[in-house]
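Okay, so chain A shows up in both of these, paired with chain B first and chain C after.
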Partner chain A sequence: MIHLYAFVLGAEGIEELVRLGRVEAVVGREAVDAVGHGLAVESLVGRCRSVLPVRFGERFPDEAALRRAVEPRLAELERRLDELTGCVEIGVRVAPPEERTAVETGTDYMRAAGRRQADLRDLDRRLQPRARKSADARYLVARTEVAGFAAEVERYAREHPELALVCTGPWAPYTFAAA
Partner chain B sequence: MAAAQLRRDVTTLEEQVTLVDLVDRVLNAGVVISGDITLSVADVDLVYVGLRVLLASAGTLDRLAAEAAAA
Partner chain C sequence: MSSLDEKLLVASGDLARLERPVREIGDVFPRRVSADPETVERGLAQLVLTLVELLRQLMERQALRRMDEGTLDDDEIERLGRTFMKLAERMDELKAEFGLRDDDLNLDLGPLGKLM
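This part shows the complex of A and B:
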């Protein structure tokens, strides 16, 4: 059984590759769980020019079956890899813990959730200019812009000390892989 | 892949939040090649929806985020 982790361009020092023209598929011969899959994909970020993550659970009986499944979509995969070159994903969340403990009714909960959404939209307007794309508080950011992006989140956090901002990344661009 | 080693090192709350983010991405995003996907843990096949609820429920995510913020 072959497990598919990602498609990449410009791989360096990666052992298990299936070459599909310019694109290469990173695969594993042994089954891993979801966390193992994620860690494997993240480990590719520094070692490839571009990484297109594959959703957990894609597996094929052998290399021939993998090629048959992928080859009709190779041009599309190559185009996406070119678009994502030099980019990473950053996630942002707002979590106000003090409200959580005070919440007693469903109405209070929904109000708190609504405020959290409004906070995120406000922050989103600040972050948009620094991102190539965005979706649901996840941002596609050029690697060279990551420091600037993080600094903007930091500034927003200082202006809004009542919010608990959680910023994670840089990730392989999962959220933008299928777009 | 040193996945097992890395996982043992994931001990702090902040890292646990990141772990939830990781699992959420792995299950909900990324390229899909074959339409028919079977997920398995330790070679036991699971229904997709069941696994997603188990590993990345919104409640767990919120709790971890809140605990990390309080720490």
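This part shows the complex of A and C:
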């Protein structure tokens, strides 16, 4: 049984590869659990020019079956891998202040909710120019821009000490793998 | 194999609030509705309150959007704010009653991700 982890371009130092023209499929011969799958995909991030993660559980009886399944989609895979070249995914999570500030009137409540939302929009507006794409607090960022992106998040965090904030990455571009 | 410890770029504020759901990622089962009679009530409460919380957030966002667009007058804003405030208070009471925390109302749908 062959387990499929990802499609990649420009792989270096990876043993289990099935070459499909310019695209290569990274595979494993042993079954792994979902966490093992995730770690295998993450290990590719620094060793390939472009990584297109495949969802957990895609498997084929043999190499010929894998080729048969992938070949009709090869042009599409190449296009998507080209789009993701040199990019990684970065996630930002923000938790609002836990203690609700005492508000007296409904209008105050709505204003406070509005400020919380405006703060989050402000963060997103500042990060957008540093990202190629974004979706729901996940950002597709050029590898060379990661440090600048993190510095912007850091600046925002310093301006908002009341928020709990975590920024993680660089991840394989899971969110941007489809479409 | 890359280490996951290296994935933290920026961390700020009270991280315990973010850390708890992260710690529970490998712990999917307690987040399902259990058929055990001792816990089924709490499990159902968690499910129902999660849906109410989701609706509350959606309605609140909708109200904020209308506020931004200027299609609500002062009385309407006050009335909506009061409604959301009371709903939030009632949710806090119900959460306390069933021993649930805010994090518990964000069901982990496994591969589908978090609900909210």
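FYI, the second predicted complex is superposed on the first by the 156 of 179 C-alpha atoms of A that agree within 3 Å, B and C clash if a C-alpha of one lies under 4 Å from a C-alpha of the other, contacts with A are read in each partner's own complex, and residues count from 1 in each chain.
Simple rule for what comes next: a residue touches a chain if its C-beta (ideal position, glycine included) is under 8 Å from a C-beta of that chain, and two chains touch if they have at least 3 such contacts.
Since the structure is predicted, the reported quantities are computational estimates derived from the model, not experimental observations.
Where does A:Ala75 make contact in the superposed view: on chain B (first), on chain C (second), on both, or on neither?
Neither partner.
For A:Glu162, decide between first (touching chain B), second (touching chain C), both and neither.
The second partner, chain C, only.
Have a look at where A:Tyr109 lands relative to chain B and chain C in the superposition and call it first, second, both or neither.
Second partner only.
In the superposed arrangement, does A:Leu52 touch chain B (first), chain C (second), both or neither?
It touches chain B, and chain C stays clear.
Once the shared chain is lined up, is A:Trp171 touching chain B (first), chain C (second), both, or neither of them?
Once the two structures are laid over each other on A, A:Trp171 reaches both partners.
Looking at A:Phe7, would you say it contacts chain B, chain C, both, or neither? Reply first, second, both or neither.
It touches chain B, and chain C stays clear.
One more residue to check, A:Ala64. First (chain B), second (chain C), both or neither?
Neither: A:Ala64 stays clear of chain B and chain C.
After superposition on the shared chain, which partner residues are touched by A:Asp33: those of chain B (first), chain C (second), both, or neither?
first
Quick check on the superposed pair: does A:Val146 touch chain B, chain C, both, or neither? Answer first, second, both or neither.
In the superposition, A:Val146 touches chain C alone.
Do chain B and chain C touch any of the same residues on chain A, and if so, which?
34-35, 39-40, 42-43, 55-56, 93, 95, 100, 164, 166, 168, 171
For the complex, which residues does chain A have touching chain C?
34-35, 39-40, 42-43, 45-46, 55-56, 90, 93, 95, 98, 100, 103, 105-110, 113-114, 117, 146, 149-150, 153-154, 157-158, 161-171
Under the stated contact criterion, what part of chain B meets chain A in this complex?
1, 3-4, 6-7, 17-19, 21-23, 25-34, 37-43, 48, 51, 55, 62, 65-66, 68-70
What does chain C use to touch chain A in their complex?
Against chain A, chain C makes touches at 1-2, 4, 7-18, 26, 60-61, 63-64, 67-68, 74, 77-85, 88, 102, 111.
Which stretch or stretches of chain A touch chain B in the complex?
4, 7, 28, 31-43, 52-60, 69-70, 73, 77, 80, 91, 93, 95, 97, 100, 164, 166, 168, 171, 174-175, 177-178
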